[in-house]
């Protein structure tokens, strides 16, 4: 189907960037935050306005610039991109609200810079979601790395400095060392970088060994996807303020990483071509290894945000695993999990931030009894945990269920066991927190009475995302439909 | 007037240089407007000229009305049409930027400074548009002589390094002259196009081969290509603020342009890439140069000196990319001439602001600058990202073409060197950013440098410097976004059709 | 014998230009004193001029000023081979002027260097810079 | 063409050139440079390049030598090693 | 460094020497250099511009653009020397020297006291002791006008004989330099002030570039002297001839001024109080 010309994509991409000058120039913090909301709302509306035509099966396209006849910077909206953009733009609104509460409570410095770069990050994220070819995707991917650097190192202290260094070293280093050459070699062989529904690698006579090398370079080049051994930037990046960790490390950055991996598998290599090569199994095993290893490491972490970070690494590999299995169900699961995990994980991060903002506590061992002081927060935490573990009544179950179906469909029982083991491990590192938070004797409780719920600006977003997680269990339609549609265009039928 | 654009680009600044020098003896206030007006006129003419070249492919201007082999002609095609715009734009923007620096550094020799500045720009512009091999030498000497004096007047070391540069530069220029002599002895003409037309029968002539080697050696010396780069870092590090923004971006780039012009339009691609089997060796030198330049940059504590080693590496990019001998590599090389001129300008503009405000040139002097001068730093970051090659800045796109040229030619060492250099550049710039971002501003700045009188308040640069700086920084992004148009509409036609 | 002599005559100019050029180059690279380097530079440039002028020479030809360029005989046909090639001469006029211009600038820089360091020896100046 | 004169002058030119870069007294070197230029000018006159010879006589042997001497007076006469 | 230099020189030298074998023999009238372009100049210079000295014709007309920049190079060198060396404010010398002309005795005056500058009996001299030589001073004084007249002849007669703007300009400049050497710098500066030399240099180059610009404004190409035909009231050939004379004059003025200017700055290291 021919793509339709539309200025929708470019408008959507530019909305966050348009807000930046206003953010910088406004002196009053209320005005500044008002603008953030306005931009977030506008972005969401813009994305939603394109939803109907996408659901009808159309593809929207906008060419920004043409580099060579076969290479352009162009934006295309398809079902997969739509799904991701929908998640990201919705969660930006929520995170903006949360940021206001969090940043004001902790009286953080340089808030203008914070909001500006937040908007820039969203710009890059939406750009990745709507990228029409690999080249454009790479541009926005790189932009995202840089736009998030000041956010990660927001505190500007020694720890932030070393973490920032690690962050850049992994993210920028891998993309320069692996991604650019891989992209160029691909381009040199194929003469195009436009995503196809069955990729564009097939039929150009690329030697199989080189193909394997390229696949590896692509996967490791997108170090944001957190696959081992290129994962250790993610826990390091947890030094950032919590809203940043929440949005960027549960939603934008890491999801951009896995989104790019899905694009590589489906849009660059193509499922048929990849399965004929059998290289997908290497990837699946790597993902499985990451899932188990990350879950085990998560168990040993006492810092809540670090535990969440390792949990994220594991969950990201679910998505990669799903994509690597190349079956109808697994691909659906993989795409769906982007959304489901986003809602679940952001709730968890919000909760961690709320606990820190209210009590200054970062470590799990000191959270005994906190549920009595902050019942709403911890209730939301429970919902988030359920979603990530994959238990009803939270949305995470849906995607996991599809993933399980996918492993059965591909006759790879090994991965089924991996999934089950991982779910158990997930439960093992989340549920005790909740349990200890609510059920403990008075003398065990580590909290004075003065610790209370966080302000409404913080709590509201937590409730919204937690509720959304619950709703998605009962009504996963928008995302499920988009994911199905995306898989349909890939696998046909 | 439109048929006179090629002459206007050169003659208007020349006359203005006379006027500015005279004004320096009569009334100093007129110097700056004269200089700006003339370079602006030159810039506008070159833009119009480029527009015309895009339409008609080639503009020829016969000086004194004598046709090609007899007289001197100016020949503008897509290649130098692009470069001339860059040259005049950089000269103009840097002049506006450095007004206050000039007034501060050379209060009693302002007129002469402006005259030398304009003459330097004139010389470079002439080198770009001329179609005569000997005329190029004369213009090269104008640019060199004015360049030496623009460099030579600052601190103690500036004079020594300028003198060293003069000696090396003269060797380079004289070698070029000798090469032209060898060409003349074999062909009997000095017109580039006519030499090229003789080249098919001449390709086995020994003196042509020798001419090629000698010209190339001379140009390599002048552009500081790897083993011959020794003079550049010292010469550029100690150059006054106002001059460095003109000299550093343009000298090496214009010399690279001349190399490309000689190889493509004088010696013909057939001869340069096939008959003479030197391109492989040159690419290897470029690879070593890129790696060595990057490593040397890493070893520097002084940020200006670090930038100079980056220039050495960038010369390696352009030369290496060109001698890959395929369309992608040459496109990347030509695109990089334009991009690198602006990137280097941005870097040295930033260095100029820092040098004025913090009175130090060590990276460690830059503590806390993000807090004190956020606008300057923001633009500087843009420049740094462009050097690293981060999209969507222009540095990425030229690197893209260079790397794809390397892949096409199957020269993976070159690709590796480019990527290595990008990584090193990332380290270099983030090292600076870290110091400026994380370390708190210390009040002890400048005390040991400013000779007793109290430290200058570190604050945002004045608008007169900031606005030109932003023009350059933003153009880095704009150039990046439109590099596709640049390639398809201009550079594509700059490369002979025989090269694929 | 005669052949060798002819060969020497035919090429001696070119040989001596190379020798002179290398003398100049050697002085520029190896001499420590800046004035000597500059003198070497002057020799170097002049050597190239010698080369150009040598290319212009034609046997049995006279200087390129047209005889009887005036009056009624002015329109007589001119046999180009009677006159020495003027083009290299023109080029070399320019080159000589460039040479003296370079020399002037170089010497003024050298004077400046001497004022700062009190010496013109490159190694001594380098030592001083290193000590700073 | 008088190739004998040509050869002898060439020889003298080379001797002067070597002398100019070898003598330790810079004033002497400057004067030798003047002599070199003058011999060069003779050489060119022999070769029929009268205009070039004229220019070299005025510029090379004249002004160049003078400014060289002037510069030596402003700096130092001694060159070490 | 020495060994490296020697190695470079030997390698370059051997390479260049080997390649001389490829050249046409010295004086070969059939070398490509002699056959291709130069016959046109030789055969047409009289037809095109009525200038018998082909070198002048090529220099100022066919390749006039080169020559304009050659003049600019000289100007740039003058500007550069000035820029690098010139010091405006110098401390007064501790002592000044005067010569009592009739007795040829030298007076040294320490601080403060000043003898009348314009006095006929006392002349200010440089501190680097200059022996007074009556013969030298008188001879130079006598020959300087002749040198200058010869210079003017060289300029004006460049069409027909060796010479032209450059040579004449340099000779003219040399006469001033001779004055500075034979007497002292002050005497030369008194005759030709620095400001005058600068303006003359500018004017000289301006005459050249302005002639070219006039041609461009009058509708032909830059530096096309034939446009002068209407102004001067002659045919195009003579217009070229006159155009050459005009630009040669410009060249002479510029070269003369710059030579003197460079000498002023170099000989006094930019202080312009005392020369050699």
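Assorted remarks:
The chains carry the letters A, B, C, D and E, assigned in the order they are written, with residues numbered from 1 in each.
In the analysis below, contacts are C-beta pairs under 8 Å (C-beta built on N, C-alpha and C of every residue); 3 or more make two chains touch, one makes a residue touch a chain.
What you are looking at is a predicted structure, and each value in this text was computed from that prediction instead of being measured.
Common neighbours of chain D and chain E (chains touching each): C. Counting hops only between chains that touch, chain B reaches chain C in a minimum of 1. Central chain (C-alpha centroid nearest the global protein C-alpha centroid): B.
Chain pairs A-B and C-D differ in how many C-beta pairs they share in contact, with the greater number at C-D. Seen from the C-alpha centroid of chain A, the farthest chain centroid is that of D.
Per-chain Cα centroids separate chain A from chain C by 71 Å.
As a whole-number value, the distance joining the C-alpha centres of chain C and chain E reads 18 Å. The centroid of the Cα atoms in chain A and the matching centroid in chain D are 78 Å apart. Taking each chain's centre as the average of its CA atoms, chain B and chain D sit 37 Å apart.
Residue positions 16, 21, 23, 27, 31, 33-34, 37-38, 41, 53, 55, 59, 63, 66, 70, 73, 76-77, 80-81, 84, 162, 166, 262, 266, 269 of chain E are each in touch with at least two other chains.
Those residues of chain B in touch with two or more other chains are numbered 134, 138, 141, 145, 148-149, 152, 159, 184-185, 190.
In chain C, 9, 12-13, 19, 21, 25-26, 32, 54-57, 59-61, 63-65, 87-89, 91, 93-94, 97-98, 100-102, 104-105, 107-112 are the positions where the chain touches two or more neighbouring chains simultaneously.
Chain pairs recorded as touching, per the definition above, are A-B, B-C, B-E, C-D, C-E, D-E.
Contact residues on chain B toward chain A in their complex (touch as defined above): 385, 389-392, 396-397, 399-400, 403-404, 407-408, 415, 419, 422-423, 426, 430, 434, 437-438, 481-485, 487-488. Interface residues of chain A facing chain B in the complex, by the touch rule stated above, are 64-69, 71-73, 138-139, 142-143, 146, 150, 153, 156-158, 160-161, 164-165, 168, 172-173, 176-177, 180-181, 184-185, 187-188.
Chain C meets chain B in the complex at residues 21, 25, 28, 34, 37-38, 41, 44-45, 48, 51-52, 55, 87-88, 91, 94-95, 98, 101-102, 105-106, 109-110, 112-113, 116-117, 125, 129. On the side of chain B, the complex with chain E involves touching residues 4, 7, 11, 14-15, 18-19, 21-22, 25, 61-66, 69-72, 108-109, 112-113, 115-116, 119, 122, 126, 132, 134-135, 138-139, 141-142, 145-146, 148-149, 152-153, 159, 184-190, 205-207, 210. Against chain C, the residues of chain E that register as touching in their complex are 1-2, 4-6, 8-10, 12-13, 16-17, 20-21, 23, 25-29, 31, 33-34, 37-39, 41-43, 45-46, 50-55, 58-59, 63, 66-67, 70, 73-74, 76-78, 80-81, 84-85, 160-162, 166, 255, 262, 265-266, 269-270.
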